Amino acid sequence: MSALILLLISTALVNNVVLIKFLGLCPVMGVSKSLDSAIGMGMATTFVLTLTAAATWMLEHWLLMPLGLDYLRILAFIVVIASVVQFTEMFIKKASPGLYQSLGIYLPLITTNCAVLGISLLNVQQSYGFFWSIFYAFGSALGFTLVMMIFAGMRERIALARVPAAFSGAPIAFIAISLLALAFMGFSGLNV
Amino acid sequence: MFTAIFSLTILGATLGLALGIAGRFLAVEANANVAELEALLPGTNCGQCGFPGCSGAATALVGGAAPATCCPVGGKALAVAIAEKLGVRLDLSGVADEAPKLALVAEDLCIGCCRCIKTCPTDAILGAPKQIHNVLKEACTGCAACVAHCPTEAILLHPVPVTLPHWVMPKPSSAVSVGNCVTSFAERTAWV
Amino acid sequence: MGLMEKFFGISWGIHPEDHKRPAADAATRVMPMPERLYISLAQHLGAPALPTALVGQKVKKGELLAKPQGVVSAAIHAPTSGVIAAIGEIPAPHPSGLPVLAVTLAADGEDAWSETLQACDDPFALEPDEISRRVAAAGVVGMGGATFPSALKLSSSRKAGVTTLIMNGGECEPYLSCDDRLMRDEAAAIVDGIRLMLHATGAKLAIVGIENNKPEAIHAMQTAAAPFGDVRVRPVPARYPVGSEKQLVQTLTGKEIPAGALPAEVGVVVHNVGTAKAVHEVVRLGRPLVSRMLTVNGGLVKTPGNVVAPLGALVEEVLAFAGGLAAAPARLIMGGPMMGMSLPHARVPVVKGTSGILALSGAEVADHREESCIRCGHCARACPMGLLPLEMARHIQGDDLKGAVKLGLKDCIACGCCAYVCQSHIPLVQYFAHAKGTLAAEDRARLRADAAKKLVTARNARLAAEAREKAEVAARRKAEREAAAAAKAAVAAAAETATEAGAAA
Amino acid sequence: MTTDYLAARAFASPHAHGGGEIRRTMLLVLAALTPATLFGFWLYGWSAFFLWLMTLSSALFFEFMSLRLMGQKDARRTLGDGSALLTGWLLAMTLPPWAPWWVAVLGALIAIVIGKQVFGGLGQNLFNPAMVARVALLISFPLQLTAWVTPLPLTTLPAPDFIAALHITLGQTPLPDAMTSASLLGYAKTELARGIGLAQALNAGHAPPLSWLGVRAGSLGESSALLILAGGIFLLIARVIRWQAPAGVLAGALIPALIAHALAPETYLAASTHLFSGALMLGAFFIATDYVTSPITGAGQLVFGLGVGLLTWIIRTLGGYPEGVAFAILFMNALTPMIDRYLKPRILGRTWSGRPLGTTTTGKGA
């Protein structure tokens, strides 16, 4: 049990998927204008990440490995991810049209969110077990959501700040997230 | 070779089937945005947007053919409302938020031709043939439809005078100029 | 009080230097009648009054000049006897300096009261609604500065079943002492007015809240109220803005008025002590509201004090009567320094809500350049409403009015505590006033657009009906024409056959 | 009669002001820092003074240059608000006293330009500028930023004289090995990593002394925790800062430290060690109370402080760095907008969720 908690902390804070592994930067920069949509995006990504981790584990261990189709891994994974994202999109469109509007293009783009594919591939690479994979993915997604939320809060402040014209928009967002990464550096080497 | 083709086909077919079923359960009928947008628009059908009447503009807005700022009569407030409804980002830089205007008949120029009366979408102009016309200021929307039809340029738009109950405290002219500069960075660095 | 507030203690409000003395201790002076009075027709909250007097008409003091227009409005009476010289626009006592419609009255110097005034020796025998009616006819409005028509408050309180009448003698604004002075001078009249208002509202108890920095007023009021069990005088701690309605009700009764609701929601109604004095004069003596006590104060006033001035006297004349100014003021204010209005110049008239005229020096105004907000949070702690002024101002700076409304802009009472404590000298209240004004303008525009839409629909329906009618007429004509042609043809055919037959015959 | 008055424009109320000024607040904070700084000068000699001077002057220089670059006309006036001075001063307090000059200049550049001015200047930054610079320097130049020296008070003999100290600051004289020393926290961390229990490590003769007076190795401002505390109390009395954030920081660090030390004294440092070493005191009273980058409400400041304290303890105890105050503050700075969003005061007449109160209620818990 404690091992699982430590895994969650390690994946969410110490080896944060966004700030330490630099995966999934696209939605972090794109959907962090408001806290509400950031939380929505975080939850959608958490859902997709966890589900695909389970699906790709099964695919890897029950189909690709027995049949020796390792070379098809990326292709097969992408197909699975795309389907899960498609499903998520349908669900959000039905359940929360407002969130669907605010996520816009970034919702279908979860398909190409490198964090999703990256975590699935890392799971294979580190040959985790089924539940371990799921928790690894869930922890990473938590870290992603955490960064999304913190960064969205920061950007809401920045949006009203008198940022010099040369830095307003993307430049100041990048500077802010780099400083956030600096703060996360403090967790490096955390003995857990 | 055969296993690869077969397994991927099966995978694709399974996922496709699952998505198809999900799609049936999570179907959302196409949003009836046109009617909602038409309700937002002024409904004067003045044609200043370049589309055939307000319903035409609503269709164009939903189709993405018109920007949210297309209606000059509604001004900034309407553009914001439309953008919110459509969930699009708004560039207000092109919208001059002019003070409301009303049509006014210059009595020495009016020849009583009744042409303006026929064009007024809100029946705001009173008059009879060979009699000087008058604008009901309660009904005039300042859409300027009448201006072009006057053969003697007797009808023109004038800003509504500010009255005591309608006076608005001006926004403080922010004395803090840091970062408020509109000049480009290159221009500013020229000083160094 | 919630647990959180209990734990962290009351923190709202500020303790500004009050500058109330020596003006409060100086004896009241009655201003002589000026030669001309400029009586504004918009001296109250709501629709301006409709003038009933005509130019050139001779009026007596207390005669009706303008009648209320609409539900929320108030009547206006002649402050002295004389001839109406004009009805036209004059500069309003308002920061914008925009014109307002006013009656100009040339005084005849006799200052003779009208004979038709209706005095009453035993007003407690009157029906409560009759008192409200007389108060309405006399044009009494809230004398604290909000100028809401008092009669409306009296009659609606009765309907709402109000149990407690809160009398506002807080006068927490610095510099002002007109209520203080009134309570010292006319405690008996005020207590009588309070009892009349109890009668009119049906409330069982009146609590007079007086800031504890006015011991003389507290003493005078306690003495005057002693014979009556239903009028209690309660000192409240001096703290700005304890004289604000919601804060006073909370301090005196512990009850919190829900946002957007009237005090009647918690069974109370709040009136100013000055209003009680006016009610007393109306009901006992039949005299409408034609003059008021106001404080002339500020660093540049030579002899600060309280003055009874007729409504419509120019600020210039009031200042001159009070002893004049030592130098040209840096700012001229009507009302208190925290919520009062800056005046465009001194040639504007005294109105029913004028609680004071302040001529402040540059040092008192302390004008500073606006600097960046450093988020020190002093404004949030000072705000008596529990708002976050810095966040609201930030949103308004960025033209995000909706964001400001979400943060509670509509709950702001514009007391000015936030701007008073602001280290960066940010004109927070101006941001809020600007945003509120803009939002109101947007609401008006929306109403207009809706009305226009109705007109368009009506026009389209009319055009459609006309077109249909035209088509019907055309169709009928066509049918008639065809019928006529057919008939003609038939006749012709018949004639032909007849001729043929004839020929054959 | 003098009523020849004509207002230039519509003035908004209020027409009176309480007299508070940014400059005054900043000066009070600087005054509160002075005793601890003077003590640092005495403890570490002229080099410390040169470093301090270098940091402050470069902070002012970069602030001035940034303001000019952004086209502000009276940059000198803005400079006078003292905020750049304070940032530079706080940064200097966290640097090793014998650090070379370029550390000071680079630190000031990062603090003022990247930490503050690109966000729009005073009041607009999200992170505490001094802490941004401190962390950036620590990650970029770990060697220079952990080169602590044994205290050599000015009055003692082996202390470098004026010229020698200047050489040290200019980086021409490498630090003699005999003078370098580890800070207590760093020492404890290395010893623990070597598998040596704390009781043994701290009993050994060469362990850095834990001195309540502060005569020990450390950065300029961390050595005299008591003087920092005195400065903090002065600020509390002067009502420049409020108790919530400092109390939160101290409680957040002390509570886990007390529990852990009671459970396993061999692996966890005592609470008093945590309290009086490193930048905890400075962080609690001077950095966690930074107006701009901490929450507005008291409750928010308490949460902020608790977070800083707890994270500091976690990083010190479990993390890879011996000191965690700067990281903890940066992390909580990032969380501040969210704290502000969720911990708002209750609006009078409304419930905590913002709905108008129901009928005749007097609020909950009355």
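Labels for the chains are A, B, C and D, by order of writing; each one numbers its residues from 1.
The criterion applied here is as follows: a contact is a pair of C-beta atoms (placed from the backbone, for glycine too) under 8 Å apart; a residue touches a chain by one contact, two chains touch by 3 or more.
Remember, predicted model here, so these are calculated numbers, not experimental data.
Inter-chain contacts peak for the pair C-D. Between chain A and chain D the centroid-to-centroid distance comes to 33 Å (mean Cα coordinates, whole Å).
Each chain gets a centre from the mean of its Cα atoms; for chain A and chain C, those two points are 56 Å apart. Note: centroid distance chain B to chain C, computed from Cα atoms, is 36 Å.
A separation of 38 Å divides the Cα centre of chain A from that of chain B.
Contacts with at least two other chains are made by residues 169-170, 172, 176, 178-179, 181, 183, 188 of chain B.
Contact with two or more other chains is made by residues 95-96, 371-372, 397, 427, 430, 433 of chain C.
Within chain D, residues 10, 12, 70, 120-122, 124 each touch two or more of the remaining chains.
Viewed as a contact network, the protein chains are fully connected, with every chain touching every other. Taken in their complex, chain D has these residues touching chain A: 70, 114-115, 117-121, 124, 126-127, 132, 135-136, 139, 311, 314-315, 318-321, 324, 326-328, 330-331, 333-338, 341. Against chain C, the residues of chain A that register as touching in their complex are 159-160, 162.
Of all the residues in chain B, the ones that touch chain A in their complex are 3-4, 7-8, 11-12, 15-16, 18-19, 22-23, 26-28, 31, 87, 176, 178-185, 188.
Residues 372, 394-395, 397-398, 400 of chain C are the ones that touch chain A when the two sit in their complex. By the touch rule above, chain B contacts chain D in their complex via residues 169-170, 172, 177-179, 181, 183, 188-189, 191-192.
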